[in-house]
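The next part holds the structures, each set out as structure tokens.
There are two complexes below, and they share subunit A, which is joined by subunit B in the first and by subunit C in the second.
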Partner chain A sequence: MSALGAILGKDLRVELRTLRSLPAMALFATAIFISFRFALDRTSLEGDLAAGVLVTTILLAALLAVSRLFVSESEEGGFDLIRLAPVDRTALFAAKAAALWIYLAALELVAVPLFALFFLDSGAGLLPLVAVLVLVNVGLAATGALISTIATMSTARDLLAPLIMLPLLIPLVIAASGAVEPLLDAGGPGYHHFGRWLAVLGLYDLVFLAVGYAVFDFLLED
Partner chain B sequence: MEAATQDPTTPPETSPGQPALALEGLSRDFGDRVALGPVSAELAAGQTLAVLGRNGAGKSTLLRILAGLLRPSGGEARVLGCRLPGETWRLRGRVGYLGHRPLLYRDLSPRENLVFTARLHKLELAEAERRIGELLAHVGMERRANSRVAELSAGMVQRVDICRCVLNRPELLLLDEPDSHLDQEARELIEPLISATGTRARVLVSHDRERALAAADLMLELG
Partner chain C sequence: MRPSLRTLAIAAVATIVTGYAMVFFSAPLDVEGFVQKIFYLHVPLAICALVGFIVAAIHAIRHLRTNDPVHDARAYVSIHLSVIFGVGVLLTGAIWAKAMWGKWWVWDEPTLVSFLIVFLLYCTYYPLRYAIEDRERQARYSSVFAITAGAFVPLNFLAVRLAEPLIHPRTFSSSGGLPGEMMFTFLVCLAGMALLWVALVRFELASKGAKADLGRLRRALEGEDRPPAPARATIAPAHVSMLRSDDEAARSPRPPGAV
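So, the complex of A and B:
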């Protein structure tokens, strides 16, 4: 826990000091919302279309943070520092996933109200949306930390991360959209199959947390 | 997973008189390219091994293998009684590694970097902060201790990286050009920090042949 706290604290301190990821994610999400607004030529969205726009936007904004997640470890010797220290290397995976989860939560604090402002007639479905976003963030964080590590070890980091990550995220996108769709229905939030989709999201999260924990040590080998 | 259930802080059972370093035909290839030819050497505790050789001879590769950062392709290596690569986990926290590139985060200050390293090495915080203050003062960096590393000169960064390297009082120092970017005054300041002592051995990579040989008990010429 000490190593996890040290790495997470370091990452958050650096992000607060440099603001390299969060503002870019928020601006990117805003730009996507504006693009959707003009591309769809709609001032109001509901149901599956609203769910698709929200989930896709969060996913694309997450890619920005994923591509930068291990930059300091790769370029400033962080990988070596951690490999020289008497710590379980999965602490690095856990810390990076936790940092990404926090970035995503911070992004959503800005992006979801903006989404409501751009596209929703009512904010009634936003409260239960929190449960979905918590699970979506865990899945994105676990997959993102894993893929970012693999991409960082290659010379084509920026290209590789989205190419590997997007196909892996398809189950998460399906489950997240399925859970969000009834919450954003025109007649107010519904809960049709809501629990089932949350369970699928939870399962996805568990699988990728377990895979990350199992393989991360090997990924750091030379 | 590599020895995840074992406590990596447990010191190995070393026998009296056991060498700090014992290498037999150690080599490393990257595909078809030989990065390090077969190397054999033995170093006792408290001794200095100078590693010399032309550019690309494998000096840095050797240090990275000895630090447990790179797997050897062939041969045998025992570092502080730990067989590499199988017992690398037992070596962690016992070796001080100073590479070509500083292992410092550019957006943190020297003090923050050293506190981070101390936390990774599970040092007691109050004691670590006292030692960090002493080390920074020793290398003349106390006035810039809270500046970002990105704002420091190359020589200052090297001084801080040396503090990072010795912070956890390692039993073996692996030093790749420790004098680089340092002026004469700074070299004299860091010398006591990175010298071999009664129990601490060191491997010293240097292009300054005369200086390395003057400091060494043994010499290894690569390439």
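So, the complex of A and C:
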């Protein structure tokens, strides 16, 4: 637990001092919103279209963070230090997933109000949206930490992470869009199948947290 | 007892020929007409491919537990053949969709869409595997991928199914499923396809094993050919004995549960 706290603290401190991921993610998300505005030729969005734009944007911005997640470990020898340290290696997985979760939450604090400002007529659906985003972030964080480790150790780091992540995240996208769609309906938030989609998101999160926990040790062996 | 590769191959060909002879000559025509017969190819291919992905995940778990490269080879070959079968599933699915709904691809057909997503994920196995140079690490990371993707398969089917209306014909659905004779033909086709999958897996494993042995022998030959001419006479018998021992090693029984 202390190892987890130490690695997470280190990552957050590095991010706060260098600001390498978060501003890039926020700018990227803004640019995607503007692209959608013209690509779809719509100035306001609702229902399925709004859900699709929001979920896709968060997904793409998350990929930026995922590809940078282990840069310091691979470039500065952090992996070797973890191997040498008398700590449970899964702490690295948990800390990286937690860091990614926090980055995504910080991104959403900026991107979701901006999305509402750009495209939504009413902000009534934003509060229940928090529940969906919390679960989406857990899924993104678990798969992101796992795939980022694999990609970092390969010769095609920047290529592999999005290539594997995108198909792997499709069930998450389906469930997230299904849950968000009625929340952003034009006539006020609805809750059609809301619980069912939250359950699918929760199941996805549990499965990939468990897989990550079970296999992460093998990724750090040398 | 493990059947020999030859027996397995003959059994696979015989079952498939019997199965598809039954499809064309004895199975009754469905209300969908002649095009429904593609079902006897499409569904067994899909079942074999999906089971193959799960088998790969099981081999991958064994590989991580034992660190035995044999299990990694089996996981790799299982995924490889399931991806090839997957191409067949998507092609036959597209033909069926065209005949049934007039389009080569229909999005509101959850089983085929799920299969496409699973297929897409497993296609990334190759760039992943070949982007890692260190052999041991390559094997370990490929196993981690195979386990992750194996866990993904049922989740993906669940999510896609919940998202779409059910218009895909259910093979064993509540509407009664297949009539007896069609079901029997289907099961023979499924058995034939499964035998084909296992035979092809074993062929590829045997080919990989022979290639590795050949490489080892060639390296040994090159290494020992370097000494001056007089030494050759004494080396020749050694080659013979080495060949024999490798040959014997190749024929030695495999661990139980092998593909």
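One rule holds for everything that comes next: the second predicted complex is superposed on the first by the 222 of 222 C-alpha atoms of A that agree within 3 Å, B and C clash if a C-alpha of one lies under 4 Å from a C-alpha of the other, contacts with A are read in each partner's own complex, and residues count from 1 in each chain.
Operating definition for what follows: a contact is a pair of C-beta atoms (placed from the backbone, for glycine too) under 8 Å apart; a residue touches a chain by one contact, two chains touch by 3 or more.
Keep in mind it's a predicted model, so treat the numbers as computed, not measured.
Q: Tell me the contact category for A:221 with respect to subunit B and subunit C: first, second, both or neither.
A: Touch status of A:221: both partners.
Q: On the A-aligned overlay, A:72 touches which partner chain: subunit B = first, subunit C = second, or both, or neither?
A: It touches subunit B, and subunit C stays clear.
Q: Under the stated touch criterion, which partner chain does A:84 make contact with: subunit B (first), subunit C (second), both, or neither?
A: It touches subunit B, and subunit C stays clear.
Q: I'd like to know which partner A:164 touches here: subunit B for first, subunit C for second, both or neither.
A: second
Q: Once the shared chain is lined up, is A:2 touching subunit B (first), subunit C (second), both, or neither of them?
A: It touches subunit B, and subunit C stays clear.
Q: Between subunit B (first) and subunit C (second), which does A:18 come into contact with in this model arrangement: first, second, both, or neither?
A: Only subunit B is touched by A:18; subunit C is not.
Q: Which subunit A residues lie in the overlap of the subunit B contact set and the subunit C contact set?
A: Comparing the two interfaces on subunit A, one with subunit B and one with subunit C, the shared residues are 214, 218, 221.
Q: Of all residues in subunit A, which touch subunit B in the complex?
A: 2-3, 5-6, 10, 13-14, 17-18, 72, 76-78, 80-88, 90, 214, 217-218, 221-222
Q: Any idea which subunit A residues touch subunit C in the complex?
A: 146, 150, 153-156, 159-160, 163-164, 167-168, 170-171, 174-175, 178, 196-197, 200, 203-204, 207-208, 211, 214-215, 218-219, 221
Q: Looking at the complex, which residues from subunit C come into contact with subunit A?
A: Spelled out, the residues of subunit C in touch with subunit A are 64, 117, 120-121, 124, 127-128, 131-133, 137, 140-141, 143-145, 147-149, 151-152, 155-156, 158-160, 162-163.
Q: Could you pull out which subunit B residues touch subunit A in their complex?
A: Going through subunit B, the ones touching subunit A are 1-2, 4, 8-9, 67-71, 92-93, 95, 97, 99, 101-108, 112, 116-117, 119-122.
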